[in-house]
Amino acid sequence: MIAAGLVMLISVAGAVVAVSVKNIVHAIFGLGIALGGLALAFLLLSTPFVAAMQVLIYIGGITIAMIFAVMLSSTGKHEPGEGARRRVLAGIVSIVFFIAMAWVVVGSDFGPLMELAPEDMESAWSVQAIGRALLNDFNVAFELLSVVLLVAIVGAISIASRHDEGEDPAINEEGGA
Amino acid sequence: MSYLGSIFSGFKTLLTGLGITGKEIGGKSVTELYPHVEPELPEAFRSVIQLVRFEESGSHDCVACMQCVKICPSTCITIEGGKIEGIKGKRASEFEIDFALCSLCGLCIDTCPTDTLEWANIYDDAGQEREWVYDLLKPHEAFEEQYLTTRRAIEAKEAAEKAAKKAAVAKAKAEKAASEAASQEASPEKSDTTSEADS
Amino acid sequence: MNPHPAPALERAHDDETYYLNMGPQHPSMHGVLRLLLRLRGELILECDPVIGYAHRAHEKMAENRSWIQFLPNTSRIDYLSGMIYNLGYCQAVEKMASIEVPVRAQAIRVIVSELNRIQSHLLWFGTFLLDIGGITPFLYCFDDREKILSILERVTGSRLTYSYGRFGGVSQDIDDVFIEQTRSFLTRMRKQAPMYHQLVHENVIFRKRCEGVGVISREVAHDYGITGPTLRAIGVDYDVRRAEPYSGYEQYDFEIPTRTGGDCLARFEVRIEEMEQSCRIIEQALDALPDGPVKPAKFIKKLKPPAGEFYFAVESARGHFGMHMVSDGGDVPSKIKLRTPSFSLLSSMSEVLEGTMVADTIAILGSVDVVLPEIDR
Amino acid sequence: MTDYGQLIAYLGIGFALGIAALVVPSLIAPRYKGAETEKTYECGVDTVGSAWIRFGISFYLFALIFVAFEVDILYLFPVALVFNEEMFGWRAFVEVFIFLLILSLAIVYAWRKGVIRWTR
Amino acid sequence: MTLEAWILFALVLFCIGLYGVLARRNLIAILIGIELMLNAVSVNILAFNHFLAPDPAVGQIIVLFIIGLAAAEAAIVLSIVLTVYRQRAAIDVQDLKELKG
Amino acid sequence: MPRTLLDIFGNPFIATGVGIGAVMTVLSINVLFCIWFERKVSAWIQRRLGPMEVGPQGTLQTVADMVKLLGKQLLTPAGIDKPLYHLAPLIIFAPVVASASLLPFSKSVALSDLNIGLILVFMFGGFAVVGIFMAGWGSNNKYALLGAMRSVAQNISYEVPLLLSALSVVLMVGAQGGGQIEIGDEVIQLNGLNLSHITLAQTSGLWFIVFQPIAAVIFFIAILAETNRAPFDLPEAESELIAGFHTEYSGMRFGLFFFGEYSNMFIGAMLATVLFLGGWDGPLLPGPVWFFFKSYLLIFVMMWVRWTFPRLRFDQLMAFCWAVLTPLAIVNILVTAFALKVVNG
Amino acid sequence: MNHQLIALLTVMAPLVAFATVLIGFRSKHTVASSIVLISGLVTLVGAALLLFNGPVDGTVFSARWFVIGDHVIEFGVLLDGRTRMMGAVVALITFCIQIYSLSYMSHDPGRGRFFAFLALFEWSMLLFVFASNLLQMFIFWELVGLASFLLIGFWYEKPSAVAAAKKAFIMTRIGDIGLFIGLILLFQTVGTLDVVRITQIFAGEGLPESIAPGRIELIATLLFIGVIGKSAQFPLHTWLPDAMEGPTPVSALLHSATMVAAGVFLVVRFHELFLDAPGTMRFVLIIATTTALLSSTMAMVARDMKRVLAFSSISQLGFMLMGLAAGSLFAGFFHLTTHAFFKALLFLCAGSYIHKFGTNDMVAMGRAGAAGKMKITTIGLVVGGAALAGIPPLAGFFSKEQIIGSLHGPENLIFRIGAYAAAFLTAYYTFRMVFLILRPGIDSEAIEEEPAGSQHADAHDEDHGPAEPWQIVGPIIALTLGTLGAGFLGNRIGHTLLIEHIHHPALAEMAPAIVIALLGVVLAWLDFGRKGARQVGFIARLPAARTLFENRWFIDTVYKAVFVRLAVGFAKLMFGAETRGFDGGADKLGQGTVAAGSQMAKAHSGRLQFYVGTAFVLVAVLVFYLGLS
């Protein structure tokens, strides 16, 4: 209970930093904190593997890529000032949406569903179960994901290095050791 | 070379390198543990410059000819001529070298007509202050001992030479005397004076 | 390819550049060099060597002291080839004032000069490796170099600033111990050579770092007056010892190693071979060491060369070291202009380093081997 | 869960120890204040411009390739866990093979684009 | 912690992300907001997975896919940011007339 | 199966306390020892003696250094990004403690025994990247930033071959004896991500280095790169970048980086021991002795390598990773997978 | 070979080609084009086999992709009459265009990429056509849009091309939102994603009990919004003329068989559903008629040959939708097929001219002697033009006749009249184009400035090789033959569509259409063709109309006035001072139409965050509404 509260606090605090500070690098680190907190949340939701993946991919990969992108794009660190009214309106929209959704959530009764929750399915929660599912039910998705990432990489590289398309990259040099 | 071939041969050179350095692990160290082990100094070692001085008289051969002052590129030598009791002719009464300026080129030693300047044999003369003027007439305490040893050796050598000379002279005299004695009788007092001079 | 390059692209690229001071307080700037680099990422767009941090006004000092008094300065201009500079100066003055040098002294000069050259190359070898990250070869080189220093120390009393030369000879004769030590050093050196070859020259990382890096073209070398091993690495077999022999170099049989690559590796190989050639020269000189005096009977302290201008050059470890002396007939030089090899090398750097990467900068600077006081003389 | 709780505790205590290691010197170390102590190091010369500069694209491209690769590889871990189970047989190999093949295409592409060879 | 608490927590995160998307002008900051929203979805799914799911593996896999797709998406978006910056020398959405048609 | 501290003490607080004490002790001693050892190894290789003054053979030198670091002023340059600058050493330091606790050093006792231990070790390793970047960026120093960029790019790139070579071990574990192992009368279902299971899988047969020599070499090289050690020490290439990302750090702040660096090296060596050298497995001597012996052997090799080779250039470093190690690792996995199916299927 | 394998080969060959080329051979142009051509041939053969190998219906191939609850989502190839016919058309036209591109793009530095995109385009379209479920349909619908975006913006260094690509992409996105919501609603309503099942549900007699008629109307309308965007129907038609910025083969592909046809095909696909929504059908009819008329008038005054063709495409799409909306699947689909042939033909001819003369201006082409120099192209132009004009017995005549025929009954009178008017205008502007090129006059509407969107990047040096290399002539001949013959395939197509009864109009019914078409031709002759014609067109005598038409009915301007003003007002209201961009734009209000188009698009897309915010507020409102009611 306390742990969960703490985790939520960390995540929300990180998220608030991420969306509010002007310094974009700090915002990215705020995102990192929020994501770290979320990893802890995943831990509490009994999915340590997903938590570890979250940290490895998000903190170790995506935030780093973001930072590199910042370093490539904005030298000023401080984005253009945003109008107060813009923030207020954004806040209003978010809050309205929150209230609406919270109302739905609070109004719902998950009680009957709870009984479905598995009790003694230790093996079902294991990483092996994920592996089995990936090979069985989700095999096409599993392969497709690699395609998606390939496409993302190809796209990203070709977008990012478009300007030197004309140059003939040294392709056939030996691999080097 | 093929891709794999180049990787393979590359790794081979790396392993060769590892082998070479690995062999050294058992090897002998060449480090001299400096403060604990005294370095061996060559004879010609150039450290600070000192005057050849005689222990007993405290005197030296510097005649204050100012050759060294003139040749010194660093203008670090200061000499004043003066008189020393019991020695004939001009002698330096003040001989200072500013070792903060001196470049240890040794021109002063080469140019000295009386060969009274020489290299001291000190390797660890270091100071923590800018002021680094040595009065060569006063033995510096930092190397007094070495100074004295060499001095004693020089004096002993010179004394020995002198003695040898005297002995030779005495011998010659003696021979002469002997030859004379062949005609005349020798005087026993003379040999006494020789032995006095030996000591 | 792209028919309409967006102007924004050019502008964006300009925004990506920044200035970086490399040196004067930098671990791999030999001496106190400062390179003002304009970089994009790790790519060098401009390189502006800033010199003068070790300026000691040697040339000016020469105008204020007698010919002999300038002698100690010469070993301090290039502290790594101090012996060569020192003896070179003596030879220049001797030639000017028509002073005879005894043959034994000439042979000794050749021996100690070549020892000095090996010493300098060894130090360069070590620091070059240090620059590209190999620390151990550096210490091996220093171990070997230490042997030379000890040998030279025996005769000169000093390890770096020798002041060994005297007008008309050298300050001290060499003895059998010296000869024996030198010979054993040569043996050692030849035993070490294959080790260095395997440890460094064959090493794939070393080759990757050096091959094709920092190619200096013939034009650049010509324009900037580059000499020494760097020039020979381009394929020009210019060596003062062969072109205008002095001190009896013409008697010795040696080769002038050259390479055609002009890159770091070529410079490396040229220097390594030069060390072997120096060993050969020393051997020959030791074998044919004549007897006789090594300096004039009387120490020459006052000298009045005839009025006029005079140029003399020797081959230092870094290249053509020339002395342009002007005498007005007095005992103080009117002007001594020193033509030092490192200055040309460093001047060319702003052209050579353009378009390389930061790591290459260090490798190239290390491979051309500049000595800062010599530039800032 | 307690296991993981312990792990988190290690992490937290690690932070605490780190802070302690920084607090101690700030208590006992000398404190000299002066303009020079606060100067950014750039080889003893005043810096030209800010260090917050923009960097070459190559670093960034590596980050992108890495993100995709890491995701791919981490998916492979659960699969590798059950790879040898008999129920999958050769199908598992085929799936992994296809997956890695597609993954390799990313390297091939990057290679061909000259990213790996750092075309600057 | 109850399911409702987790869902509300996810909702809070989602709304913070939404705020980020709406309020910021920097494209990367907007991307940050989007990532937050995606993660809120992940929390939501895992919460349901934890409390309700008959097959826990499925929920985890969905989240894993979300993470993977977020990686792909981030790669692409960041590349676009870069291209935009090269064209415009700014990553302010207000300045992005280029993207508008 | 090793018993965890939790099993032994029952109370999680006591277990954690004991665990943290053990980890910190081991790590501190390791760092002190490693620094001394590194200096000694370099000295031996370079025909030198190394530290000789403080303590016998200079053994206490690092203690003296540490005391000196503690007494040094923490210089804070002007113009830094304060939060990042101050947080960076902690980010580097803290995960080390956690990840050291994951490694099973003995057959009987372990600090923790988690089912995804392998992934977690990699995860904690990933924090270093963030810390390095924070240090480089926060310092507002061009050398630091250059170093940090290099370091980050290098670390993330070499993580790919690292993970790939670990993956081939995971594949191997499931194949050992049909994925099961009998210890006494207990049958354990082997879990390729559990570090003690990986060790157990090797105790019954040959060490994985026999089956996976290529993966072992790749893993070792990747560890070298991940810990920024020569010939991959470009981030702090002193001849180019002064001190890389920690140029602006002095005193104990630098000390924390140093601690993290050497601990990471230790953890890398221990991980390699677990994955390829059979962990605690060995005849006669007790498990922990074997474990630490193997780890230090690897550390010694790391040092040996460091003091032998020059440094790669950055583009060559990346090319080496992506054009040599990664393809090799992928091919290795495919071959492994194929072989396993041929042998077992 | 079984159908499964053939189908798989057919749909996957372009993807393989695309991937291979993009990854490996982008700079090896010859290899790239060969790979793509081979894949195109494979696809063509496969599609032909599928078409002629008798009826094999249903999903012949599927791969499990995902499971949501009870719903198994599969990627599949659905074979029935519609898909087989459409697939064959797509494959044939694409293959022709690929061959054509060999020569047309032969000097472009990026042609490897170009061919890759062509393959991607073909693949997306094929899988869209053959889609077996809604999700697949939507994904490939989007991919078609993406591919067209890539192709329109192929010369990305040309700002106008980039702008056009983005405009096309974004405006079709507006429609896609409708489509997406529609598909989701459809799924909710019928509870399945399977296309066959959906068709069956709606094909049955009357509506299923459970489905409220209003629901169907809503779904059909939402789907139609997607069609409006994709098929460039009024009022979202403005992107299509701008899309001429792409290379001409792309335009040909875009306008005949792929991008815009996708919209019409969606209606064809769900024709049963649309039939169950009579209100929507009425709406479709209105929109389609309006579109057909509007764009015809625009085509009357355009000088850029590709633009004339673009406007004619819009108008012909209107025709198709009219036919479909009138309830005749056959009419609409038949016209879709024939139109694919002759419009591709016309574009290829236009490309051939542009390639040769380096201009898009018809007058300039005529003066350069287009008629004399390029015989085969000219024959193609005449045949294609005649088909477009609806001159019997060419392809266009029959299909148009079917459409007009389907608009029978008094309630359709107004649309019938509209159709006749549009047919008249079509004949007029088509032959205006033909005459301008074939019979250049001295006084013809000389253009001083270049027509908007002129393609200089297209135009190479005057002389490089023969004017009509085989790669260009071949496809033109093939399509000419197709245009000549396709009209007689009506029965065959009807048979393929499994429509038992085809209405064959009697000669008397045909007569008005023939007369009207001929009238249009005659008028064009008088204005442009006869000796000494002033070649200014009768519109010149109606300055008001001319201004109206030349400014495209001020639709872009109106958009700008309305949307931009609204947006500015909104923005001022909401975001305070951040209106500089729009204020600046507002000053240019009367300055021409091209700029206006982009301004309009700006109003739609620039405020991305505004839309996101609105969407979420709407969701919240919806929640409150649902919760409170």
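Some points to look at:
For reference, chains read A, B, C, D, E, F and G in written order, and residue numbers begin at 1 within each chain.
Please note the rule applied: a contact is a pair of C-beta atoms (placed from the backbone, for glycine too) under 8 Å apart; a residue touches a chain by one contact, two chains touch by 3 or more.
Not measured: the values here are computed from a predicted model.
The most central chain, judged by C-alpha centres against the centre of all protein C-alpha atoms, is D. Among the other chains, the CA centroid farthest from that of chain B is the one of G.
Centroids of chain E and chain F (each the mean of its C-alpha atoms) stand 33 Å apart.
Distance between chain B and chain D, defined via averaged C-alpha coordinates, is recorded as 64 Å. The distance from the centre of chain A to the centre of chain B, with each centre set as the mean of the Cα atoms, comes to 79 Å. Each chain gets one centre point, the mean of its Cα atoms, and the points for chain C and chain F are 44 Å apart.
Touching two or more other chains at once are residues 23, 109, 578, 609, 613, 616 of chain G. Each of residues 4-5, 8, 42-43, 47, 50, 52-55, 57-60, 63-68, 70-71, 74-75, 77, 80-83, 85, 92, 103, 105, 109-112, 117 in chain D touches at least two other chains. Shared contact sites, meaning residues of chain F that touch two or more other chains, fall at 45-48, 114, 119-120, 137, 142-143, 149, 152, 156, 159, 191, 193, 242, 307-309, 314-316, 319, 323-324, 327.
Chain D makes touch with chain C in their complex at residues 42-45, 47-49, 53-59, 120. Taken together, the chain F residues at the contact with chain D in this complex read 4, 6, 12, 15-16, 19-20, 23-24, 69-79, 89-90, 93-98, 101-102, 112-114, 119-120, 137, 139-145, 149, 152-153, 156-157, 159-160, 163-164, 167, 170-171, 174-175, 178-179, 191-193, 242, 247-248, 251-253, 255-256, 314-315, 318-319, 322-323, 326-327, 330, 333-334, 337-338, 340-341, 344-345. Looking at the complex, you find that chain F touches chain C at residues 42, 45-48, 142-143, 146, 230-231, 233-234, 237-242, 307-316. Contact residues of chain F toward chain A in the complex are 81, 83-84, 114-116, 119-120, 122-123, 126-127, 129-130, 133-134, 137, 149, 152, 156, 159, 191, 193, 316, 319-320, 323-324, 327. Across the complex, chain G meets chain A through its residues 22-23, 27, 63-67, 75, 109, 574-578, 609, 613, 616-617, 619-621, 623-624, 627.
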